Structure formats: structure tokens, C-alpha cells
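Scroll down for the structure; my scribbles are underneath it.
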């Protein structure tokens, strides 16, 4: 089944979330002006699946049911599927200019799918069947799934069992014939309040004696014991002001939530890993490889909007043809396309898991993400250069509409003839939103920390490269080992 | 006279500003929570002048009156004075973590001082005496002066007289025996609403036929015809929320104002340039050389706070000794000190003007500023890396204080034992304020555009270098010209 | 037919080149110690085609004859063919650690193939058939083809016809019923002295009135009127010294030649463009897109050797596990893989020409190359950091073998126990060769200027991007245009 | 006394060096074409001292004798002296375009001067008097002193006493009433074969039990037991070819030597440290702070030549006014001046030692050097971009002079009218020499490793900053500690 955007939004109304925002429990969260843009962003993933020009990217015939399902709930069954994923993500980045949140679930689904298969192979468990059943349910109802991996971690220098408070990592506190009870918290949970289901996954390598921490399961977002606390983001309350300019991006936005799991019961048919410590890191790394690939799509797409906005500001200022402006815009394009190239490369070079779905190339996905921790920042810097100081000194929308001073702003904020001051003002606030404001976390912080901080990528890159071969050819060419004779 | 911080703040209450903020005319602006932190930041320039350990940097015996005056109203009478300026600016950056706004006036005062001297020499005018009289008044009353240079510019591709609207640059619209009437607007006016006086200066090279645009004069900030429109900055309304954490920097902040000059009358004894087109660019470049030097002080000081905050976050997270964290913090220090080194170098290498005050070295001041357009951005990026994703996902202060969910936040936001979650939360919001929020414009946008955008520095660097000598030695060493014989 | 490496080398002996090197006409150039390593590097392209593990990449069933031909003489008939190309290039870069020179021909062949097809379509000419005939001859005999594009250009500020000397660009000086006579010179001709055939192509957009400059044709490298002047490269005469260490890379090297075409006659059946000015730039850009793709293969492969050598030096010095060394090596891998990712992406995203062969994606190929103008330089810098100062202060091979002082060197150049000083010495000279010496032009200068200097890529990137779409989404999201409603 | 350049060169003839080069013992090394340019470069330090326009920088009235002595043998008695040092170094860099080698001695002299004073204060030894006596002798005879610090180090992971071979660090092997006998080797010894005296210093922190390794003393360069082995540098044998173009820089060059100390006797009056382990690191760090300052002079000066050469190439190619060329040249200037600014800043901010001479500011000197490990590489990259591919493909000088092909080169290597091909050729070879060739080690490798590799600077920067103060202000501003009230 493919829900429409409207159906998706209405489906959320049925959830009974225990959600807090700015110190208050929010009842009608679907229509809350701070939250709604983030719902709209996810809704775009539902909308594009119905668009003739995008449906080939955004919908898939399910390998489980044969029915058409949303790409975000689908398995990647070929490298082509992986490529389509990043191309779709780029389009969605262009259409929303922010994080559309549904990738974590998609990437989690694929990682749990292949990992449970291998666990079952080794341990004779039944996780994979359970998971497929749950996934069928998700696909059939076109639910939105939030992948929930990042634990709060407490003291980073110490593993789970040595924490002063053992709840710093989500873990099983009780097992019964019916299911398990879990406790802990997941931080920075992208889109969690806009999702029907939370797919819980461990966050790091679990070692012997830490079996309780090796847990993956699915929890409805309004299950008993689940509390969601909405994260503050830059300029969030501008959405409460009533205007549509100062927010920069009126319709769309990201969402990050702190999920509290206070003794949440999970029945066995929703439990996908429980104690198999050796597969914990497998699951983490597969998810990471997918999600590091993802940024090669969305961050290129968001970058496209920033590039377009910067070029438009240059137009409005009358400097579009200045050599240094052209050079800077050219550089922005170059950086965005480098990110996308890496996203494409790790997709095309993907590999088939034992379970039959495809993984992105681990080395190249990490290379992709490491570039993402750098280039969007330079894109922001260049956009701020091109936009000019007005970016942070512009009057407010209410000043602009003010009977007395509005005319001054209209007069003095004009750029080239033919472009109203308001257009320039709007473009400035969009750039502001992307570099400082409401969606800056989508473009900057997520690029830095999403799917793991840069050091995590450095470590994986070091590990995944074939250094022995590199050293072998160096020894051969230098003559430390026997040199290769081309005539041999 | 040296006012105390308290006296300065009280003195502002006497001003009858025509000031707009968020669509409203503000009456008690001194106590307005959005504005007050910016007043506090300037007040720090008054406070340090009384501190025994800083008075040698922050106060000076006036060359006009012999009396002790605030450094920000003083002339630079030696390279040592220039050095003291940047060292003071670094201290103030450390104490406020934002723009303390008073440098524009200090730099404008020194630029107008030497320029008016030279105009008088050439044209037999009396601007310099007038200016000294005004400056004595400013010094004696320890007034705060806002330097007002940047015109709104309209279509950047076109000079003042070719603009569709001739008011895109401030200009004289009427001359009488009493004085002149000026019209136009000055954008991004740092600290203008916290100043007693506005020192108007032209913004670019004025050409023949544009004599009306070559105008410099002093205008009280509450003069008839002056309207101030407060610029929005990231997260500005967090100051209205009542808490003291989410703002990040509760006490201090910057300020940018759009000044409308709607036919403002200026008596002749406050007019310092009026039609001398050939000195317009002299004034602009002298101001720019001073102000590009200034950033070698303040931005290093603000950087120190960001470095300290990043190191503290690493402490709280338990990763302070991780090699990659140490490397990143080392890099941050390196970048901040490179900026400061450039600020020091252009100060030590200053030169004496005909009027007797000292200018920073033009080439090196531009080099300083060009680094400032880059390095703070990298410092922000590294700080965001070290801080972690919580930077943009942390709950609000009201959640933290909430009777039901507060305990969850307390529990799950803790880092290493011994450090309360609140400390970690506070440090995060400080870093957030500096990189995204309230004071990010002070550290990012000002670094980019203050005292001219990077391309302006590139052009000056190209112009100020002795390229002919560089090519001469290249020709000599290559043998294109006769080679130098060391035995000759 | 597939020649072996030995057959290739012997086939060169039959050529009667008019070749000058260091001021002398060289007779037995095949065995000349300065030249031979560059022949060996090309020979590797012949060798790998016979290797079972590489033949799938290195040989192809010809679409012209159905017979197996070398990849370097083949047409790219699918995106998969393009991908195989860059993967093969990476392997060859790893095996030779330098430029193996044969790509220019391969890329030229493919560009001329599709361009001649389109010229014929438009003008009813027969170039394409002629070209296929010539290509069949090349494939059948497994000849080595040098693509010859770059004219010497004279005054870069001025087009061909305004040059003081009209011969600054290769052009037709005479036409007859038998053929044409061409004059001019082609600079930086990679591998020209190791090739059987020169494939001449124009170097820039040709305009009306410059018809004589729109010329592409094939010339045997030993044709009458062709003079080849061997370019000097760093440390070239070390190959004459007799040892095998100080050269760094004893077996392999690059080659750059200045080709003089002094009234060379070309029969019509070897002429592929002659006066069709509108296709000149098509040919140039298709070649450029191929060759900018190529660097995503070879330069990653050469980088692998440099990474392996750096890691080995770190081993030998006993610092392999130091955090900063690991970080630097990780960075080197990251940069090399970013280059390769771009090479892969532009290959996978290739497109079919009217003639049926495939072009790499133009935008992404330019992005690839622009990264190549930057990252190898940083790889060199990091390698020099890791290698240590000994890189440029090490004694000579003859000192090492010297009866008196050899023992000192043996003693004092040792690193960790178990590794002989000579191994360390050899690894140093390899790194030296790649960063300063014999093969540094292959890795640095070619990366910068091969297939066009960085500014050429900047221009293409600006042109190839869909800026209108980027601006459209920016206008939509900012509300300058109507905003997209996700519910519509 | 001030020797002339000629006198200096003649004075070298009296030395009986045991010097090896390319496997041969060299007798008349002063006139050896490979060595002579390096002697000329040092000779320039003698020449400038006699030039009226430079004598104020290049000569000093000795604080020991009152007589005029060369700056390179003088003590720095004020921050002004430190500033003059870097300004002189910049001039010498401009005049030689390479390393003029005499700074190591100057910096060593000043470091040993202050350290011996403090050792004597603590231990009642007489090192300082001895050192002053030796320094007077050096000053009086205007000798050239090579500072010899860097040990060969063997396994970098292990301290001196744990090395498989204890001679990896220079140490005392015997003590007698007459003096000491030392053994070991010093690597990368800049200018050692052009110096009269070697000033031996330890290379790292010496710990208890390693007393024999804490040794500093002066040894004549031709003392018994001293063997000098000349290091190979890129393109060194081009100097033997007879021409004057292909070398790039015909008159000047650097020099790096491996010094073998095979049981060299040193009388007590030349011994300045012997076993005082706690001062070993003091001496090392003082030397390092001086030498890291030095690079803020010379590398800016060498950069000037590269900038001039690049601009000249752009002139010759007819592209000097192209926006991207201007931007790149502007960037080169910016980077060179940033280096120089850091060199100036650490000089102006110097401090007085107990012995009365002045040290550069340690933190800023390290910041200076860390920039030097980066920016010259980018300057080279930009120069290579501007120069064009001809940099590594140009024919040889002998081709250029060849009766048959010379005319082709003359014709086809021309750029803009009015500039002979030879001028362009010469400028190319100069850029080649600085980026790949003979003097590239002076500009690249020395910048990287001279005075310690980049990681050494990172560590010092981390240590020298006042992090506690940075964290204090961060705690205060964030409210973790009490916030500063500006009204207090």
C-alpha cells in the first residue's frame, strides 16, 4: 500500500504519543507549528511515491508481498536499488531543503534484515522470520519507521557495564515467556515523533558479559513507557511568530527527539536480536554503511538548494557575473557533486549479503560520509560570503509589514531593479535558515554527526583499505622486494 | 573622564532613540531583554578601563586634553598603541564571547582624524579642528561612538549616481549656512542603538560628479530624522523566554542595526568631509586597515572561549585525552593564534600618518582579515565535531526543570561522574550560541563581512604587495636579467 | 590481436623516430636508460591483457572485428566498459606507480569515433568510415596510439589567427587530392615516442575563419616531418648513473614529448576532421570528459603506492601506531578513494552517443578531475611528513656501497631492528621519486594540467550544472515563487 | 670582524674536510659545481652585512666585544633584534631563493648562551664563560657555525638507551682530564660542509641514566673523526651538465649533510653541557623556538621569489589579468604574508632570558612553524597551476642550443610577443627548481621538517596555551561557574 501525504499525516493523529516540547506535554502535536514542518518533510516521501516522474525511484514492488511499497520501507535487492536510493534522497533534499527523516528507518530495516538472517544461520534462532513478518506489516500499512540506534553513552571513556548508571545504554532488564522489558534512552532520534514504529538497535560492539545490551526490537512510538522529548533547534520559536518569511523555510524542517524507554515491554515477535553479542557490531556497521551512503544523496540535494539560493542572491545583488562570485558558486557545485559522486560510487559498488539484500560498499560509504563532515561547512561558508552581511542584520518580517518603517525597508533593501526587496529578503532568510537557523542542524550537524562522527569514519577507512596490498606494491616498486619485470 | 559600566548604561536612558524591534517601537530599550546583552557587552569596555590589571591597555592619557580617556575614544599615537588595541580586544572577546561593538567608532575616529588633517592641508579647509573639537567632547563625556560606513548599495553593479534610487548611498541633499541635510541608510550598524554618537563615513571611492556622496559627519543617535531598525539575529527571542541556559550566553550579545537617515540636519561643526571626493577612498581604506586589524584581537578572544568550551565538553564526555580530540583542540588553538599573530604583526608594523596618529600596516591588516574570513568557520566546525550531536538535539531548559521529565534529562544527559548534567547542558548551549545561535553572527558573519568581504581583502593584498620587486628577484635568479654575483 | 609486452617493445624497434633527447638525436631509443622505463610502463598495458585475473578488464572483444583487442584500443560500449576502464587504470597505477601513457590514445579514439559519426550525419562526409578503418588497423596490430591534442598556444590571450606566428596551433597549410599538409607543434605529448601512431586533435573551440585549425588525423610517429623532442623531467639523468636505488622507481616512468609537425603530409584516409569548425569543441570536450574520468583511475592507483610506501616508512621508523601517523595515513586513503569514487561515479553515470559508444558523465568527470588537481598534492605533503627529512638528505647509492663510508650509512640509517638500512633507503627514494623526482610529474603535474588545467574544469562544472533547477527550488522553498504544498 | 663573501669562501679552502659526495671523497670541494651554489648562498650572509642598505639588519655591535659582528653570530638582545632577524632572513630568502644555511648556528648560539647561564646558576659549573669565550672567537673571526642537533634516532619508538645500537644518539664515550670523546651521527645537517664550526646539541629530553647523551660542545668541522657525507638532492647532477638554465637557480642552493662523529675528541673548553640532563630539553626547546621563528623570515622570502616567478610566467603566457590567475597570485601573497606575520609576531612578543638575551615567544613561534609546514606546499601547487604543464615537459638546454632543433624550440616555446622563448624557459626552470628540483628541499622539506616535524609543533601549541584560562571564561560565560556581572 502507498499512503498519500495526507493519509500519512492523518495516520499520525491516531498515535497517542507521550511527547514533550519546550516544557509542555503536547496534545495536538500534528498541528503544532514547531512540529508540523518536520511532518511535512516526511510527508514528501509519501508524495513523491505517487508522482509519475519519481515513482520509479520512490516505490518498489516488495520482495515480500509483490505489492508496490514505499522505497523507504523496501529492501535493496540490487546495486541499482542502492543507486536509486541516493538519487531519490537527492531529489527529496532539493524538495525540502532539510532532513526528511525517513532514511534511518530504511537503513535500519535493511541492516536488521541481513543481520537476523545470519544470526539465525549461526544460532538456529527465528529472528529473521519474525522480522520479515513485522516488515510486511510495515510495508502493507506504509508506516513510517524511525531507526533508533544512538544511546546517550554517559562517560564515553567507559563501556556499558562500567558506567556509574547502567542505563546509559538501552538494555534488557527483564525476560519472560511473553517478551522482554527494556530500559534506557536513545538520543538525537531523527523523526521519532513522526513515526509509527521505533526500530531499536544497539549502538556499539557488545562484549561478553554485556549480553543484555545486545538488543534489537520494534516498539510502537506510543507504546507504554515511551516518552519523547523534542530537541530544541536554532530559531525554533520563529515558527510560532505567525509570519512566513523569518523562518526561512516555512513548510519543511527536521526533527530530533530524545526517546526515553522506561521499562518498555516488547513481545517476542517484535524482538530481533537478544543477547547475540557477536552480531551487535555487525548490525551497527551495516546500518552505518547504509546511512553513510545516504548522506551522499540528501546532503547533495540540500546543497543544491543552498547553491540555487546563493546564485539568486548574487543575481539580486547584481554581481552574478563577477569572477570571484562565479568561482565560489562553481566551488559549491563542485563540493556538492563530489559528495554525490561518493554516494553513487559506494552504491554502484555494493555487495550482496547472505540474506539477499545489498549493502553499500563499506570503504566508499565511509569516504562519502567523511567528505560530508567537511564540505557542507564550506558550502555554508561560501553561501554566507555570497549572501552578504545582511544575512544576520536584516529587520524582521513585522518591521517589513510595519505601516511606518516598512517603507524604509522596502526602499533600502532593494537590490537590482525589477526584483522586489521582499524577494531578496526571502532568499536571505532561506540562506539563514540553512546556515544558522531552523534547518542548519539538518545540513551542518547531521552532516557531522549523523551515522557517526568523523573519527568513526577515519577508523573504518583505515580498517577497510587493503593496506597489505598497498605495501606490497610499494615494496616491489622500490626494490625492497623483487621488482616486477614487465617481460616476465 | 572614564564612565563606569553603570554610568554608561544610565547615560543611554537619556537618549530618545527612534528604535524599532520586531515590528514595535521600543521605549525602554535599555532594559529590553533582547537588547540588554548587547549593552552589557559594550559596558564591558567601560568596566575594564577601571580594572587595575587592564587599565594600561584600556585607558590612555588623551593627546588632546591630557586627561585619562577610554581607549576606544583615543588616538593611536604609536605602534605600541596599536598593539595594545588588539590585546585589549582579545581580552574583551574572552570576557564577552561576542562583539563588543565599540571598535568601529575607535577605528572611525582614527581614520577621520588623519584624513581630515590631509584634506585641510590640501584644500585649506577646517575639518581637522572641527573633528578634534568633537572628539574632545566625546572623550570628555566618555561617549560611545558608532562608526557608520556601510551603505545599503542597491545594485552592486552600478555606482551611486546610476542607481535607480539615488538614496542607495548616504548623500547631502541640501546645504545651507548652518549645515547640511543628509539622506540614505547605513546597514549592519554594529552597536548603533547602544551609542551616543554616529560617525558617518562614505563607503567607497567617490568619483567626479558624485560630490554629494563624499560626506563624513557626526550625528547624535537620537537626532531628528534618525530611525534605527534592529536586525534579527539567530535565536533572538530565546532572550524573551525567561530562562538563562538556552540562550547560551546570557549576559552578552552583539547588535546590528539598520540606520535610516531621513533628511537629517547636521550643523557644520559636525561635518568632517563634504565633497572632497579624492579623500573618500583614503578615509575608507584607513578605516578598513584599522578594522581589519581589530579582528586580529576580538576574533582570537572569542575563539579562546570556543576552545575552552570545546575542551570542557571533551572533559565532560570523558574523551579529553583521545588523540583525535587533542589534535582538533590543538588545531583550534593554532588557528586562533594565527589570527592573533596577524593582528599583532600589522600593529607592530604600523606607520605614522601626517596627522601624527598611527595606522596599522595595510598589507598585513588585510592578510589578518582574510584569515579571519576562514579560520573561525573551521573553529566552529571543529567545535561542533567535539561537542557532539547533542548540540542541536538537547531538550529545552523548561524540560530540564519539568517535574515529570526533568529527572529523565538529568539522568540521561550526564557525562562523566562528578559533572552534573546541567554543566554539560550549559556548555552545549554556549557552543550552540557561538556556532548557530545568538552570538554566531559575532563570530561567523562579522568575521566574513565586517570591515569588508573577503574579495575586498584579496584586492588590497594584490595591490599592496611589491610585485615589481618580487618579479625582479625572480628575473635575477632565473637569469632572465643578469644574475647577482655574490662576489660583486 | 594482443601483443605481449615483449612483442610491443620489439615492435618499437621498427620505428624510425626522429627523436632528440638532451641535445642529441637518439638512435637506439628503445634501450636508452632514460627512455626505457617509460616504455616498460606502457608495456604493462600489454602484459596485463594476458593475465587471467585482469584480462576481463584489460581486453575486449572488438565491436569492429569481433576479435579480442586491448582495452586501450577499444570502444566503450556500455557504462560497464567505462567502469572497467577506471578499474584497470587503478591497477596499472599500482603496478607502475607512474603514468602508463596509453590512456590519451584510448580516450582520443573514443572521442573521434563519436564525433566523426555526428559530423558525417550533418555534413554527409565519410570521416567515420575512414576512422573505423584506421581503428581496425590499430586494433588488429595492437598498436600504441598517442592522442595529440595540446597545442603550444603562444600568447594565451589571443586566438589562433591573431597569433604573431600562425603556427602556434596545428593547422592545414595545404590541401590536395591526395591529402593534407599540416604544420604546428603539440606540447606535453604523453608517451608519443613510445607510440606507433599519433592521433592529432584540435585543442580548443575553432571559430569561423579558422577552418584550417579544425583538423584531426592520424600520423605514424615516424612520418616524414615529425620531430620528437624529449622533455626533461626531474632527476632524469639518475637513470644514467648505473645504480638502481636513487632513481626510486627503477623499472617504470612517464614520458612527455614535444611533437614538431613540420609540414607533415597526411593522406585523406587518415583525415577525420578537416574544417568542420562546429565539431572542434565537441571533439575537445568529449576527449576531455574521457580523460578527466581517467584520472579517477590512475591517480588513485599511484596514490595507493604512495600510501603503501608511507605506511612502510612508518613501520621502518617504528611509529606506525602513533595516533597522528595513523590519522595522516587514514587521510591519504580517504583522499585517494574520493578521487576513485568520482572516477567510478562519472563512469557509471555515462551516456550513449549517437555513434553507439559511451561517454562518461561530463559534469562528474570534471568534478573528478578538479579533485585530482588538489588531492595528490596533499597526499604528497602527507607522505613527505611521514617520510621525514631524510627524504632529501640521504646519501647516494655509491656512498652506500663505498668501502669506507658505507658502513657508517648502514649503521646510522637503520630504523627498527630487523629492517636493513637499505630497505629504509629504498622506500625513501621511492617516495622521493613520486614527490620530487622522476615520477613526480606523473603524479603532481599531470594531475594538475593533464586533460586541462583546473580553471577548465571550473568552467565546465559551472556550465554543466542545472542551475536553473537549483534556483527554482530555492525560489519555491523561500516563498519567492509559490511554495510547494506537500498535500497538493 | 666582518668577512666579505670572497674572504669567507677563501677561508673555507683552509679547512681539511673529510667530505664524501656521490661515492667519492671530494678534495677541492669549494669549487665543486654541486657544492658551490650552497657556499654562495651562505656567502650572501657575508655580503649583505657590508651593504649600506642592509647593514643595520645584518650586522650588530657585539655585546661581548663591542665590535661589529655578523648578525648570524650575534646574540639577540631585544625583541627588536629578533624582529631584525626575521626581516633579514626574508631578504636573504629573496636574494637566494633557497636555504642560506647559517640560521641553525645563529639559533644554536643563542639557545646555548642562555641555557649554559642557567646550568651554571644551578650547578656552579663554568659552561657559560667557556661558551662566551668560544663565541668571541667565532665572532672575531666571523666564522660560519653549523648547529648540529638532529640525531639519526634509529627506532623512533624507543629512547637512546634502549636502542639496539647505542650510537643512534650522539653521546660521550669517554671522559678525561683533557676533554671528552663523543660518538654518533647528526642527520640533515644544513650547511655543515660550509661551516668552520659544528655546534653539537642534544636532540630530545634526556632522562636519568642517560647522562652521557646530555652533551653540547663545539667541534671544528675538520676535526679528527669527523666525516661528512653529502646528501643527494633532487636534480643535483644538473649542476654538472655545464649549462646555466636547466638547474633553475644557477648561483644558489641548499646543502644537507650527514655528520659522522667517530670518537671525536673535544677539549673541555669547548664543552658546554655534559651530563646535566634536566637542561637538555631546555636547550632543545629554546633552539626550536628560535628556529621555528626563523622560518617566518626565510620561507616568506623564498615564497616572494616563487610569487614573482609565477606572475612573470603569467605575463609571458598573456594571462596575467585573468581573474583566476589574479586570485591565485593573491592567494600566494596572502599565504606568504601570513607566514611572515607569524614570524614577526613571535619576535615582537619575545621574552628576556636570565642570561639577558631574548627568546621568541614559544607559542607563536610554534604557530608560525606549523603554518610553514602547510602554506609553502600550497604556494607550490598554485605556482605549478600558473606555470602550466611545460614545467615538466620542457626540452633541455642543449636542445635549445641545438643547431637543428633549437629553432623549433625557439619558435614553439614563445609566449606573448616581445618576450623571447628563452625568458619563458628560464622562468619555468626556476619554478621547477623551487617546486621539484634543486631548491625544492629548501622550500618544501625544510618547511615540513626543519626545526621539528609538524606533530612537534602541535604538541608545543597544546602545551603552551593557557587552557585553564580558556576553560575558566567558558565556564563563566555559560553559567557553569558564576557569570561575570558587568556592573560589579
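Note that the chains take the letters A, B, C and D in the order they are written out, and that residue 1 is the start of every chain.
Quick note on the criterion: a residue touches a chain if its C-beta (ideal position, glycine included) is under 8 Å from a C-beta of that chain, and two chains touch if they have at least 3 such contacts.
No experiment lies behind these values; they were computed from the predicted model shown.
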Co-neighbours of chain B and chain D resolve to A, C
Can you spot which option in A-C, C-D or B-C is basically B-D again, with over half of the contact pairs the same by residue number?
-> A-C
Would you mind working out whether chain A and chain B touch using mostly the same residue numbers, over half shared, or mostly different ones?
-> same
Chain A and chain B have mean C-alpha positions lying a whole-number Å distance apart equal to 38
Rounded Å distance, chain A centre to chain D centre (Cα mean) | 51
At which residue positions does chain B touch at least two other chains?
-> 324, 327, 458
Category of the chain touch graph - line, ring, star, complete, other = complete
In the complex of these two chains, what residues of chain C are touching chain B?
-> 323-324, 327
Mind pulling up the chain D residues that touch chain C in the complex?
-> 20-24, 150, 152, 154-158, 164-165, 167-168, 185, 187-188, 227, 229-235, 237-238, 241, 246, 256-258, 260, 262, 317-319, 322, 324, 373-374, 377-378, 380-381, 384-385, 388-399, 401-402, 405, 408-409, 411-417, 432, 436-437, 440-441, 444-446, 448-450, 453-455, 458
Chain A partner contacts - residues on chain C that touch it in the complex | 5-6, 9, 40, 43-44, 47, 83, 94-97, 244-245, 248-252, 304-309, 311-312, 315, 326-327, 329-331, 333-334, 337-338, 340-342, 344-346, 348-349, 363-364, 367-368, 370-371, 423, 426-427, 429-430, 458-459, 461-462, 465, 467, 469-475, 477-480, 483-487
